[in-house]
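In what follows, chain A forms one complex with chain B and a second complex with chain C.
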Partner chain A sequence: MSVIAPNFKLSEFIKSLLDNAFWGLLLLVLVGVPAVFMILFFIEMPVINGELLTPFLALTWLADPSRILPVVHAFMATDIFRVMAFPGFGFAALLAAATIFVERKMLAKLQLRVGPFYCGKFEGILQLMGDGLKLISKEIIIPAKADKPIFWAAPVLFVAAAASFVAFIPVAPGWVVADVDLGLLGVFAVIGFFPIITILSAWSANSKFPFIGGIRALFQMVSFEIPLILSLLGVVMLTGSLNLSEIAASQSSFPWIVFLPIGAIVFFITMLAELERIPFDLPEAESEIVAGWLTELSGMMYGLVQLGTYLKLYAFAGLFVVLFLGGWNGPMVVPPFPAEILTDGIVMGPVTAKIPGLPLFTQEMLNGALWFVLKTVAVIFFILLPRGVFPRIRIDMLLNLGWTKLIGLAFVNIFIALGLLYAGVLGPGGLQ
Partner chain B sequence: MTFNLPPGLALQKVDERIMTLNVGPQHPGSGHMRIIVQIDGDYIVACDPDPGYVHRGEEKMAEYRNYITNIPHLERPVIHDSCNILYPYVLGAEEILGIEVPERAKYVRVIASELNRCIYIMYWLAIYGIFLGHSTMFMWPAGDRELLIDLMEKMTGARVTHAHFVPGGVRNDLPPNFEDVCLRQVNYFEKRIKEYAAVFYDNPILISRTRDTGILSRQDAIRYGTTGSVLRASGVDYDLRVKEPYDVYDELDVHTNVLKEGDSYARSKIPWLDMMESCNIIRQALQKMPKSGSVRVKLKPNPKGKGLNSVYKRVESGRGSLGCYIVSDGKTEPYRVKLSVPSFRNLIALPNLLRGEKLGNMPSVYWSLNYWPVEADR
Partner chain C sequence: MADAVFLALTVITIGSAIAALELRSLIYGSIALMGTLGGVAGFFFLLDAPFVALFQLAVYVGSIAVLILFTVMLVKRELIFKKIEDKRRKFAGIGLMLVTMVALGAVFLDSGIKTITTDEPATDFRDIGTDFVMYYWPALILMGLILAGSVTGALVLAKREDVENDQRAN
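On to the complex of A and B.
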């Protein structure tokens, strides 16, 4: 029998706990609370019930349970919530983390092995956290001859570009970070940033394998961007709008994949290539060029690029859902909020709690988000699946596929859309 | 004053377009060796394989150990194919020591050798799969290989480095009930490897990637002296189990798999077909094997060779013809042991196969040569 901590003394342990608690409280009081107040000072506070919500008032209201929900409502209406939490970064990062877990377990099942198993009590569910901690704690090594500012900036820019891509995706009616009229054009603009960031990172590392990987990524992304854009033109023609929310709303009766299956297939294939996933993971082909343009990245720089990759994966899957699978549209499965709680309050024995502002989210929003997440997860599953089935293809085959077959199919898709429009099946006077 | 330097030492003119890549020894796609590749854009203009990173002096070590103690270290160059790399040495040592091997031992050796060939090819196939970016083809062979490794463990007591063949037979008799277990495992194994066709060998992406890449013509294959699967993939019907049968291979029906294309795809398919052939041979050997009898001739503690003589024996290993040349001067240790390994011979073809290929084809062409870096260095 081994002794885990031979010098363990209970008194010292309790003393260390108390020390930690003391220093934690001291730092909270001296640094944390002033910092919170300073942040609150610069944020434009909302007006609730005719009163301007000052930081002091917010603190007093937080202590009053019946007035928490209006504060939460006001917070949810701010841009910072949308960017950081729900339709934006936090939601996407959560889905991306779930994607990584599902990918590992699914691939393991496909390959007759177990996958992550020990970290966390259930099926290695904390493996991702362990990997993240490892990446954070690792030393970041910069090549001596690297162009340091650009090399440092590239992973951050990559995550920023991926997160701004996420901002365009509408999750539920009215729930989108950036509801712009030229949303699809904005998406194309953001996608156009990725090859630049990749080649910047690859070139600034001043190393041979990243350079080859970066050039490959450049070839791949540039040659697949054209079929990507062309394959989406059909949807734009049919809806007559570039606003992603309007495109999603236009599919209330049927999704566009019914009429434009070729466009959906072309978009799916180009999506795999843009995401550098197998069979199109040439920029990271480890048996040829080590890890491609990620070779010299270490520690959290690599972790940031991985985070950006999975955010991009979520964003592309969400774009596919919005454009072809009907976005948030679906049968109403979420039950309506019980009306008696609003009128009578919650009866808990002798106490009746009346909570103002209770339906935190509307029924449409919950239902839309549910359908969106279900569809997105299904698309992500199909994006992950080829990894277990296909080997990597070669760069000349890839360029041949992109420049001839996919562009041709994208034009066929455009002609189908035009035919549907001129035949009067869709558009004004048609089905909608 | 001008110097006329030999071509290898002359300074080369630096071309701005040419980039030199050191693929290995610390590279996921090289193994324990270095391939110096010069590329122009995506095309390989020159390739210089540079083995020698794992040279361990096995041949020199063999001169200081007697005929029995040579066994555990001579199998080290290819631990996954340890029975087959010992086979020629054991055959030669038997001739030098003048030993006649019992009939049952010969069958046991054939079974062990064929099982080990499958174990080696599965490992090779796993790496071929991951070199092409096919992670399922890495995991499946690595997992199914366990079936045969368990079988070898029952048979020899060790999972990988068996040291099972000794001059005069094999070290231990088969465990009881081995025949039934072996037959069952081998049948399941064969059924399992046939499933690889659906996911790997009939995969359209794999075929389009490896077809017509790294073509080795029949004449070149013979001229470079390649052996084994590389030679048979180029249309040469050459298998030592049929052409120069050793032990009891002449009593068994061995079919040689030959493909005519000579490209990476054919070279990668031949070992897979060979595994099915090995399963056939094992079934035949299990049927024809004498059910009882000795498996080992008792030797004197420190046997001496018979005077000054030399012997060259070769067998068909997982990679091709593997030869062992033993010179004896009548002492307890051999005077010289020389291994003629198939890996090194197959590697000779690599620069010519890679010239003009694309960089993306390098891993598939390189590993389709059925090459094991440690064996080439000895």
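On to the complex of A and C.
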């Protein structure tokens, strides 16, 4: 039984919900609707197509799918939708939130624990919502001797940098926020901002543990940036493009991991280090330096940094998918939109609804997004997995790995790519 | 539109350059230096050279500014510098720099550079790469050798094992 809420009864919970709904409805009918009508009494309503636009007429129009769907279509073509909802922030934040929950639960199962259990009655499914509410409602404590402007700005900048990283990732053909010609260079530029934000946040807290964590983060990120960039050069050579959409589209028959497995392995290891994940989580080593560079952050500032971290995780996994696993390419598994709905409309007994404006998404887009999400989730799973298995390694071993082994392997990868190109296996006249 | 962006970038670049030199706090000074380097990257964007602009961001803001920031953080400046607060000298210095820049700008504008108009499209970075391989290959090979030497040197420095610690088990 639950220890946290011993007097909890599901029947009483449902009764309280129904009570609230009843009182809400009563207040709406007795106060809300008359108030709206009293306000409408003084407003001169426009006449459209010879009809006075009464609230009833407006609601009728709003409920009519043939009038609303074109509006939805037009909205989906706007930049705001792309930035806020689908390939941009909303989609990434949803995947990031799912990642947090799956990570906690999966890690618990790996270590024979239970994990989140009480929130939401079934396997702690509402734990994330509870954590979010807790973070929002907690007080934000600023250390007395902190450098306040930088300390306030750092979490926001962290989320902003992570979101701009997300903007470069193409999800389906044509569905990308920023389809720039030099997308991969933009990604390198954005990755270069994370150590700055980390070290500034760590320094501005004016406390020992954040500063030690910040210095560790700086060492780690700066030294792993070089093998990261070098390991991706092979893909750029084979594709002849820095545009991420073109790189994804170039892998329609073979993903590059078939030809460049060493580059993929090097990129995966550097990815773990850039994301500060076990076995490279020295910047937040919780058993040594409290919480590393996050020690002094509290409340929603900590929440923002966590959101940024998991957005970054999604973006790195998406980058791995786009560069090495073929992006959105995959066999067509989504069925085509039923043609009889377009010609005859939806028949429900005696009622037939003809809806122009369907389908909302093309078959290619749905299929591409499906394959991209499946591959990204698989990569995220492999990023999470070491956390249940490996211990943390020492900082000198980490730097040794980055500077000597990974850079050497990245050069080997570049020479493999050059060899494939000059031998005529790939490129003009070759396989792709 | 481009003029407004150009003016804003100019203000950001010159303003943060002055701030980088004049601010008492070294950390804020290096943040202002990042602003200057980012402003220069913005100029490259305006000049239709996004390749150079992104490398400016990645290398100068992403690496060199971090190096400066990191060095500054580990320095106790009270031990190194003696504070000489002199408002008049400070403003005289800023004024002298602005006068010099305005004079240089006037010389440039007067040299007839504004009369040059061109309809040619922006040079693609792929063409620059082709030129490097075709006509300027000695420079390319020299740069490659210098870079390879520096990378080898970095590897050698990273690999040195003269510091032994008995307490650590490898």
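The rule is simple: the second predicted complex is superposed on the first by the 368 of 432 C-alpha atoms of A that agree within 3 Å, B and C clash if a C-alpha of one lies under 4 Å from a C-alpha of the other, contacts with A are read in each partner's own complex, and residues count from 1 in each chain.
Basically, a residue touches a chain if its C-beta (ideal position, glycine included) is under 8 Å from a C-beta of that chain, and two chains touch if they have at least 3 such contacts.
As the structure is a prediction and not an experimental result, all values here were calculated from the model.
**Student:** After the superposition on A, what does A:Asp147 contact: first (chain B), second (chain C), both or neither?
**Tutor:** Touch partner of A:Asp147: chain C, not chain B.
**Student:** Once the structures are superposed on A, label A:Arg104 by its partner contacts, choosing first (chain B), second (chain C), both or neither.
**Tutor:** After superposition on chain A, A:Arg104 lies in contact with neither partner.
**Student:** Could you tell me if A:Ile199 is touching chain B, chain C, both of them or neither one (first, second, both, neither)?
**Tutor:** A:Ile199: touches chain C, not chain B.
**Student:** In the superposed arrangement, which partner chain does A:Leu185 touch: chain B (first), chain C (second), both, or neither?
**Tutor:** In the superposed model, A:Leu185 contacts chain C only, not chain B.
**Student:** In the overlaid three-chain picture, which partner chain does A:Gly388 touch, first (chain B) or second (chain C), both, or neither?
**Tutor:** first
**Student:** Have a look at where A:Glu288 lands relative to chain B and chain C in the superposition and call it first, second, both or neither.
**Tutor:** Once the two structures are laid over each other on A, A:Glu288 reaches chain B alone.
**Student:** Across the two complexes, what residues of chain A are contacted by chain B and by chain C?
**Tutor:** 394
**Student:** Give the list of chain A residues in touch with chain C in this complex.
**Tutor:** Listed in rising order, the residues are 147, 150, 180-182, 185-186, 188-189, 191-193, 195-196, 199-200, 203, 215, 218, 222, 225, 394, 399-400, 403-404, 407.
**Student:** Mind pulling up the chain C residues that touch chain A in the complex?
**Tutor:** 27, 31, 34, 50-51, 54-55, 57-58, 61-63, 65-66, 69-70, 73, 151, 154-155, 158-159, 168
**Student:** What residues of chain A sit close enough to touch chain B in their complex?
**Tutor:** 107, 110-113, 208-209, 212, 278-279, 281-282, 285-290, 387-397
**Student:** Once bound in the complex, which stretches of chain B touch chain A?
**Tutor:** Going through chain B, the ones touching chain A are 19, 21, 27-29, 42, 129-140, 143, 199-200, 203, 205-206, 208-209, 358-363.
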